[in-house]
Amino acid sequence: MTQQGTLGIAVIGTGKMGADHVRRINDVISGARVAAVVDIDEARAKAAADSAEGCRAFTDPAAAMAAPGVDAVLIASPGPAHEAALLSAFERDLPVLCEKPLTPDSASALRVLEAEQKLGHRRVQVGFMRRYDSEFMKLKALLASGELGRPLMLHCRHRNASVHSYFTTEMLISDAVVHEMDQSRWLLEQEITAVTVLKPTPSADAPEGLSDPQLVIFETSGGALVNVEMFASCGFGYQVQAEAVCERGTARVGDAHGMLVNRPGTWGGEIAPDFVARFEEAYDREVQAWVDATRRGEVVGPSTWDGYAAAAVCEAGLRAQKTGERTAVEMIERPALYR
Amino acid sequence: MTQQGTLGIAVIGTGKMGADHVRRINDVISGARVAAVVDIDEARAKAAADSAEGCRAFTDPAAAMAAPGVDAVLIASPGPAHEAALLSAFERDLPVLCEKPLTPDSASALRVLEAEQKLGHRRVQVGFMRRYDSEFMKLKALLASGELGRPLMLHCRHRNASVHSYFTTEMLISDAVVHEMDQSRWLLEQEITAVTVLKPTPSADAPEGLSDPQLVIFETSGGALVNVEMFASCGFGYQVQAEAVCERGTARVGDAHGMLVNRPGTWGGEIAPDFVARFEEAYDREVQAWVDATRRGEVVGPSTWDGYAAAAVCEAGLRAQKTGERTAVEMIERPALYR
Amino acid sequence: MTQQGTLGIAVIGTGKMGADHVRRINDVISGARVAAVVDIDEARAKAAADSAEGCRAFTDPAAAMAAPGVDAVLIASPGPAHEAALLSAFERDLPVLCEKPLTPDSASALRVLEAEQKLGHRRVQVGFMRRYDSEFMKLKALLASGELGRPLMLHCRHRNASVHSYFTTEMLISDAVVHEMDQSRWLLEQEITAVTVLKPTPSADAPEGLSDPQLVIFETSGGALVNVEMFASCGFGYQVQAEAVCERGTARVGDAHGMLVNRPGTWGGEIAPDFVARFEEAYDREVQAWVDATRRGEVVGPSTWDGYAAAAVCEAGLRAQKTGERTAVEMIERPALYR
Amino acid sequence: MTQQGTLGIAVIGTGKMGADHVRRINDVISGARVAAVVDIDEARAKAAADSAEGCRAFTDPAAAMAAPGVDAVLIASPGPAHEAALLSAFERDLPVLCEKPLTPDSASALRVLEAEQKLGHRRVQVGFMRRYDSEFMKLKALLASGELGRPLMLHCRHRNASVHSYFTTEMLISDAVVHEMDQSRWLLEQEITAVTVLKPTPSADAPEGLSDPQLVIFETSGGALVNVEMFASCGFGYQVQAEAVCERGTARVGDAHGMLVNRPGTWGGEIAPDFVARFEEAYDREVQAWVDATRRGEVVGPSTWDGYAAAAVCEAGLRAQKTGERTAVEMIERPALYR
């Protein structure tokens, strides 16, 4: 590491998420700086590079990783570009924070998993930011404490105000419910073994052709049941909630309660407009945790295995959505490196 | 009607619910009095009769219904005794408030349905008291207003602190989830067309042999989806909650919030110990509504058809619970009298 | 008592509150009937009498009390008429439920207090209905249990959506804050010893000439402090809240939380439009409690002493409001009958 | 500025708050580093210096400010040492973040105010961290929007679980209520013109000799009224709440609601143990805002004038506490620099 021990990061992809991470590293978190930015759009890369002192622009990820002062890689490019970027990082043995999904399908995720095992040590943290949300962290800690006994069910809500016109029924699973897949695995510390997708008559406000909302059910290796209300065009805002039903109590997060206002005839609080507002602090905490661990020479957080598992569960979810049947999840056995 | 226009009621069954209804008619509601009580245990019948001036004790329902001053019948005997009592009441064309279930199965419910049709007019109100709970009434009114659009899903929670040792896995459906069956039909104004029952690994605190909790899913004639968490031995109290997810908003009842207390390290409110405490005012309102309607010569509230439908859905639920499969509900077409 | 033991009540005054009590006795509560109604407006009296079987109309309270079948009196006429009606009832030794205020000032209240003492037994229950609100009852029980230690402060809010054009600054105290005067004495079981009234610059939405809102402070005989936000034209609804701050915790009522709704950008619940909606069940419980106690030959609830104390504290409040100074409350010593 | 544009900070005082700020600058926020630490306890200074690369330890504030690489000063020493440190910083024209209080009394605060005016530009941000709490920021924004009309009253709660044995009745005002003094001035954008302090009989759980709790009332230049419940030994946790009562609605912050848990007989959430846990993110945001502004060459946030005003209101509060009387606040006119 160079320059006062701050971590030099190459940010791959400078779209919405990538640009936000550049801002985060520049302005919010400690101990890191943006050393390089990569975008296939050279002008956009240059614009992003201008925001940070001593930062260089690239159009090729491998070239950026080879640049002096680059100690670590943050991948925020579209999913299909992740595999190549990850393998490039492995070649240089660089630590990576990879935005979700790890890769778009389980076959490619498996290749990444095998490549990392060949390195012989973990290098990747996958960007499942909910694990860094303060409420979900409290829920995880409470479940882990055993105070409420074993978790039996998890009731989840995932609501978006609206979606872009190119959003598809499949993306309800692969782009949205994938968060609950990881969240359930993480909270319960169990693998998901089967997925069922139930579809009510769609909302009249759902975009043409989008079967929205859906109720997705996971069964887990420990015999727990998870149900997820996925509603991408609920209209009223962004809401992510979860209630764990345990043997001796339940615990609920995501009700969101900051300021309460009395207005004519009603009292109440605000609903976040979108995931950026809702999870801003989780993203800050996620990137800070990655930087801190990397500077200590450690790898923490969601692993390549978690990225692979999410991809495998997603594939079962997509089949379940298509067939309407309960669909078993197919996964390899967990390699030693990830135990 | 006699004596100042107050309604003379014969209460059939003086167990826990029957005795409570006797107290309610005596001490809480207006316009009615207990004219007769019936119990196969003569001593218990006499003890109950002593609580009200001019009330007589019987061991035979038909005899009680024939007694002078009896204008209406409240059936609170065990379910298997309901059919005979209902048919006796029909013979005398007496209005009936019948505790749930109408009868224990759909075949007997069908016989009652046919008998009432022969009378040519409705005589029965079935005791689904949730319809008289102030929160559920508000939810019903909001859904009916159309303000939030069409209901798409209903998330229900039904939690008991604990159950008696004789409580069976089947009773989770027939004694407990039957409330959500009626509640869903009433809130959505749709019939239930299929039932699926999912069973996680039971809680260690569930009684030996009881598969508790369960997740029960209803599909409805209008394409809505209902899920019910049924947890009979949750340990922390009695909780009935419902959230309707509609096209343009959601609405939730049952969070229970009266007095909030700050105690060391926590703030919060009370959870009701049981259904009597939770639904006390609903029972009062239900019996008052029945008395008021009867005095006006009307029949309102849940009908024999609702009792039959609950029995039919229950039977599908019990099959679904046994097979683990999605099970279609079989029902006759709705007769003209109940449209 | 006559006719099946139901209590025959003469209702004095058939304005808004009186008419509501007639409806309540007719349709809601058990064990009573309206035997007579009194109004100086004969036509209004006759209209009210028509609502109940066997009920007679009068224009003179004393004549109504002398009528056959009248066992008890409910006074709902304007405050200045209360003293005469109470003394008439005392002449016939009839039990009375007297709407607040007992009388309009402490001198007249003292005369009633002395007259009741001459009877030698309590006959009056004063209509401070908050004592019958389920949340306030829970707060009272919690304070009485001693679990939280001694109450040190009471924070009260009293908000009306709006007031009639004839509402005066003085009425903020005598019509509205009088409820907190009784509520504080009842919850704390202490007398109020001094009152201070603070006036911020009035709301632009307050009616011309009304100094609204105000902050009223009570000191009590046990060294507790009470503050009351009195806001009669808050615009958003009717809200009555109280938080007791005790040595080992605090407890809060009045947040009102039944159904929660998600609407675009906000979640929340309803605020009651007025005191009728907010305290409907408290009124039902109050009148039922009075009927039940009267039928048992007992007198319970807020006493003539409580009515006198409220009048005495009100007078101090009105002086304090005028002078801006802390004003001591002047009261006689509590007579033996009321200890 | 040196080294990649990061801001070199001299932290004066390495006690609880100072050490926490060192950690914050090292590990949490971006764009700054600890260049020097100062403590009269040399060993403690050296220990703190070891935590950051290139950081030097001093026992004299002026020497630290003269050291190379020091661009700005964070004062976290005891209040009586603030004036000298501020004047030293002014000599070098260094930007300062000064923990509250600015100085212990208004006379010394006035000297600092005059010294800064001689510099001709603002250099000081005072550490009133509540202005950086996300809930208070939302309340401020809502009030500033005018949506609810003019604020008429502010109800504040300030509760500590317990206090050290050396905590005095005076410190309730000068150490604790001073936060509400600044908070009220900031939220209302008005000066405080008079203070009254009311003392109920103390809690049995208050330390011997501490008159705890107290009710403190502020009047403001715009005719608003503020009341503060100050309870330093409430036993159940740390709670800071505020409700603004406006002409067309009210808004409330500080109810704290993250995870809700059902436990036997109760549901509810957590109360923060102390101000560090409650305001951790506010401190982070405060220091980040100061660093960001300083790097842009700006001075933002609470000014020396705010520090002086708090001191002046405190002095009135202490007199009011002693006399029991309403006490006018004496302040100089606001200098041009701070308008």
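All chains are identified by letter, namely A, B, C and D, in their written order; residue positions are counted from 1 within each chain.
The rule is short, and it goes like this: contacts are C-beta pairs under 8 Å (C-beta built on N, C-alpha and C of every residue); 3 or more make two chains touch, one makes a residue touch a chain.
In UniProt terms, the chains line up like this: A, B, C, D = Inositol 2-dehydrogenase.
Here the structure is a predicted model, which means the values were calculated and not measured.
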| item | value |
| --- | --- |
| Contacts common to subunit C (Inositol 2-dehydrogenase) and subunit D (Inositol 2-dehydrogenase) (chain labels) | A, B |
| Chain whose average C-alpha position is farthest from subunit B (Inositol 2-dehydrogenase)'s own | D |
| Between A-C and A-D, the pair with more C-beta contacts | A-D |
| Where subunit A (Inositol 2-dehydrogenase) and subunit D (Inositol 2-dehydrogenase) are represented by their mean Cα positions, the distance between them in whole Å | 37 |
| Distance between the centres, which are taken as Cα means, of subunit B (Inositol 2-dehydrogenase) and subunit A (Inositol 2-dehydrogenase), whole angstrom | 45 |
| Length of the line joining the C-alpha centres of subunit A (Inositol 2-dehydrogenase) and subunit C (Inositol 2-dehydrogenase), rounded to whole Å | 58 |
| Subunit C (Inositol 2-dehydrogenase), residues touching no fewer than two other chains | 234-236, 248-250, 260, 262-264, 270 |
| Interfacial residue positions of subunit B (Inositol 2-dehydrogenase) with respect to subunit A (Inositol 2-dehydrogenase) in the complex | 149-150, 152-153, 155, 198, 200-205, 213, 215, 217, 219, 222-225, 227, 229, 231, 234-236, 245, 247-250 |
| Partner subunit D (Inositol 2-dehydrogenase), residues of subunit A (Inositol 2-dehydrogenase) touching it in the complex | 3-6, 25-31, 33, 53-54, 134-135, 138-139, 142, 148, 248-253, 255, 257-264, 270, 281, 288, 292 |
| Complex contacts: residues of subunit D (Inositol 2-dehydrogenase) adjacent to subunit B (Inositol 2-dehydrogenase) | 161, 234-237, 239, 256, 260, 262-271, 273 |
